[in-house]
Every structure is written in C-alpha cells, then in structure tokens.
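A short write-up of the structure that comes next.
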Amino acid sequence: MDYFVARRRVEFSATDMAQIVHFANFYKWMEETEHAYFRSLGLSIMQKQPDGTYIGWPRVNATCHFHAPVRYDDELEIRLRVERIGFKSLTYYVEFFRDGNRLAYGRMKSACCICRPDGTLTSIEIPQEIRDKIHEMPVP
Amino acid sequence: MDYFVARRRVEFSATDMAQIVHFANFYKWMEETEHAYFRSLGLSIMQKQPDGTYIGWPRVNATCHFHAPVRYDDELEIRLRVERIGFKSLTYYVEFFRDGNRLAYGRMKSACCICRPDGTLTSIEIPQEIRDKIHEMPVP
Amino acid sequence: MDYFVARRRVEFSATDMAQIVHFANFYKWMEETEHAYFRSLGLSIMQKQPDGTYIGWPRVNATCHFHAPVRYDDELEIRLRVERIGFKSLTYYVEFFRDGNRLAYGRMKSACCICRPDGTLTSIEIPQEIRDKIHEMPVP
Amino acid sequence: MDYFVARRRVEFSATDMAQIVHFANFYKWMEETEHAYFRSLGLSIMQKQPDGTYIGWPRVNATCHFHAPVRYDDELEIRLRVERIGFKSLTYYVEFFRDGNRLAYGRMKSACCICRPDGTLTSIEIPQEIRDKIHEMPVP
C-alpha cells in the first residue's frame, strides 16, 4: 500500500468567522484518519485488554502546515502514511487534498501506552500482534 | 443567592462562517457554568470516590433558545439557577446576557450517576452531602 | 419519504472522560443531518446569492433528550423528519439509533435568514424554490 | 516583557475517554493566548477596516509537543513569546505549565492577511501600526 486514504466532507461547524476551516480541525482529521487506518487493519486505537486496561495511542507531537484555505462542503481526500515504526511509537505523515491539489500536510507521532482505569498512562513497546499488521510507507 | 454568575469572553474558535457563535457552544457554556457553580460550592462534577469510581452528572436533556447572534470577543454574563432538585437529578435554568440584554436561555437536566472505571453508569440518589450544599433558586 | 437517514461512526474526539460521547456533539450531529438532508435535495444551508449574500439557517432553538450512553466507534443511524414547515422556519425531529435501539432524540428549529457579508442576519420567508423541495414527514 | 501569560482552567469538554485533554485543544489554547496577547496590546486578530474587510491572522503552521497528560480542572499557565516578527507573519513560541512543570510546548506561525467579505484571503505586510506594538521576546 502506498498510502491509506480517507475521505470526508467539511462540516459547517468546522468553519470560523474567516469563512474557512478552523485550523484545530486538521489535527482532529489527522487523528480520525489514523483511527480509520487502524480500523482497516482490524485494530482499535482503544483496544480493551482482558485486565480492564486499554492499549491506547496518545500524542507525542503533531504538526501541520496550511497552504490554502479549506471551506464548508469541500470534499477532502486525506492520505496517511506510516512514516516510521519505532519501538514505542508510530509517526504518520498526512496530506490533505481537494481535487488533486494539496491544501495541507502534517506529521503526528503517537506513543503506544497502557491506559489504566484510574487515568494513568505508561508508555510500552508496541505489541508484536500490532507490529505485524503495520508497515512503513515511503514518504515522497 | 438569586443566581450563580459566570462570565466569559467568546473565543474565535466558537464562531462559524455565518460570523456568529456556532450554537453547539451554548450547551458547552451551560455545562461550564454548572461546573463553575459546583466548584463554588467546594464540589466537583467528577468527584472521585475511595473505591475508584466517580460521582458524575451526565445529561438527561438540554434545550436552548437563541434570540440574538453572539459574536467573537463578546463578553457574556451567564446566569445559572437550580430550578429543581429532584431525587436523582438537578434541573438548571441558564440565561446568557451581553450588556444587560438576554441573548439566549435554556434548561439542562443532569442525572447523578456512579461512573465506573469500565465506563458503565448507574443513576443514584443525590448524596446528602451534595444535597446539603445546593438550593433551589426561583426562576423569574 | 418517511424520514431522511444519515449514518456516522462516533469519533474518538467526541468522547469525554466519562468515556461516553459529550452531549454537545448531538447538536452538531443534528445539524450535520439537516445539512445532509439539504444536500440530498440539491440545496445548501449556505446558499450564495448573486448579490454576495447567503441564504442561511441559524438556530431558533434546539433540544435533545439522552436515553443511553453513546461510545467511541459506535455506528449511529440518525433519522431526520421535517416536523413543520413554517413561513420563516423549519422544525426538525431527529432520532439517534444504534442497532435498532433509540439512544437519543431531539428537535431543532432553524430560521431562514439572509446572511450579509458584514455579518448581519435578517429573517425572511422561506423562498418558494426551497419550499417546493421540502415536505413534512409525520412524527410517530 | 519576557513573555505574555494567560491562565485557564481545563473544562470537562476538553477531555476524552483516555481521561486526559484531547490534543486538539492545545492548538485552540495557543490561539486563544495569541488573541489575549493582541487584546492586551489594544489590537484584535479580526480588525475591521473602514472598507468592510478584516485584517486577520490565519495559520501558516502549528506544532505542539506533549510531555505529560493534562486533566480536567487543571489550572494551566500558558506563556507566549513572539519568537520572530517577519514581513508578513508572526511566529509564536508557547509553553503550558501546571504548578511550575512544563507539560507541553509548541510553535505557531500566523500570516497577516486581508480577509474579504466574500471569504477570499490575501497575505499582506504587517501594517506599521501593528508592528509598532509588537516586540520579539527571546526564547530560552
């Protein structure tokens, strides 16, 4: 797979008074694309364990660059690549297109963690059964 | 106390492309005012119990009526009244003012619940130590 | 048509620390369903006019009742009915289902308005070309 | 001034089911701190011009690094520095502290733009009357 693709239509509530998408939404959409990618692999980004904990993927960092405004009702193609599989984290490279034009791109690093019912988090190595399903995809 | 007051300035991200506040924000602000009210009483709306559960207040219903647009940077005065203290729920009456003019008002009913670490919720009677601190405030 | 249907999967960012969907999202989803309904009719809820104004549909009021928690990754079926076509407004009746069980329902009234570039709004009668496409759907 | 400070309490709606703040909120808070900084200088980030256009500051890029979880009701101190004043843009360096501990930091670049009533944007040089009020603040 060269990259994973998600599509979405820009909802009205994502706009702001400058009549464009408020930039915080791009980070949500990066996340939703990550989640759709996990789902496509038969995985969940909140994977319940037998002991009541979850394996989750909180953010280490996320960055996004904005080239052109995105507007209400635009149909976006979002391309996600796994840029790097680390011991304890995944780094994604994500691009946003409309009609073939790239409007924004970014990177997001997520750490594999145990999320306990009491709200505490501990970073762990990515379990082998997850690692087996994920492959790096060359970033152009 | 006639009513509890919170003040807030409208942030840019609350606006939409119609150049007014997106209506979903009013429900968040009703909630934040409820939380500020609890805080003013020395209570929390997510009160950790010794056994690791929380006493929380999920919504039963919420309604809001919008009279006039609210805009970026507006300074709002939000007035909250406890309209009714039930066995297992509280009903609030909330009004939004700018410069003395009422722009919106609504009602919100919250159910007292045990929130367990596994995500399950059970409705309970309002504990006496909470009930002791809360008083109904006549709605005009 | 008995009702208009939209489907959506609950995104992670819609949840809160009680591990359920934050209630403000239901109002956004009611709105998104209204917008999808307009789109299905070849209409837009921000319809640009030749003179640079828009015909838009700000809220008059919105209410929602919550029966059962909704969680991350749930697949929702959202049913929208036009309950009443007024001179200047539309009232919708909206229900949220998961696996055939109704989890929430609400009503939303939207006013037909001219939205001017300077941010001012004026309520107008629903234009005939919009009225021709919309039909009331009996609420059970 | 070494840096500009804003304070905020974490609202419930900013949390997610991992019981921590959803990361998209940090970008909103960076923005709100920028806006509070502008306000402190007697400026607005949506400055209406006599001709009906606005001078606005859409994002060029934004990045944030997350060191430790932030939770409901946490009191944050947010420190903003103007790291660089360009011809047409401002770059901010923003840090998030709780009880003296740094939990997150990021950078945000905003472009000075004319925002027209029709929704189009054009990048412009920062007007002198704005430039006169802003000073770079050394980043440690």
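Should a chain be cited, it is by its letter among A, B, C and D, assigned in written order, with residues numbered from 1 in that chain.
In this text, a contact is a pair of C-beta atoms (placed from the backbone, for glycine too) under 8 Å apart; a residue touches a chain by one contact, two chains touch by 3 or more.
If you're wondering where the values come from, they're calculated on a predicted model, not measured in any experiment.
Undergrad: So subunit A and subunit B: same face meeting same face, with over half the numbers shared, or different?
TA: same
Undergrad: Among the chains, which is located farthest from subunit C on the basis of C-alpha centroids?
TA: The most distant chain relative to subunit C turns out to be D.
Undergrad: Counting only Cα atoms for the centres, state how far subunit A is from subunit B in Å.
TA: 32
Undergrad: Using Cα averages as centroids, what's the distance between subunit A and subunit D in whole Å?
TA: The computed centroid separation for subunit A versus subunit D comes out at 23 Å.
Undergrad: Among the residues of subunit C, pick out those that touch two or more other chains and give their numbers.
TA: 12-13, 17, 19-20, 24, 28, 31, 46, 71-72, 119
Undergrad: Which residues, counting only subunit B, touch subunit D once they are in their complex?
TA: 11-13, 17, 28, 31-32, 35, 39, 44-46, 72-73, 119
Undergrad: Enumerate the contact residues on subunit B facing subunit A in the complex.
TA: That would be residues 12-13, 15-17, 19-20, 22, 24, 52, 71-72, 117-118 of subunit B.
Undergrad: If we count contacts the way the header does, which residues on subunit C are in touch with subunit B in the complex?
TA: 17-20, 23-25, 27-28, 31, 46, 54, 56, 58-66, 69, 71, 115, 119, 121
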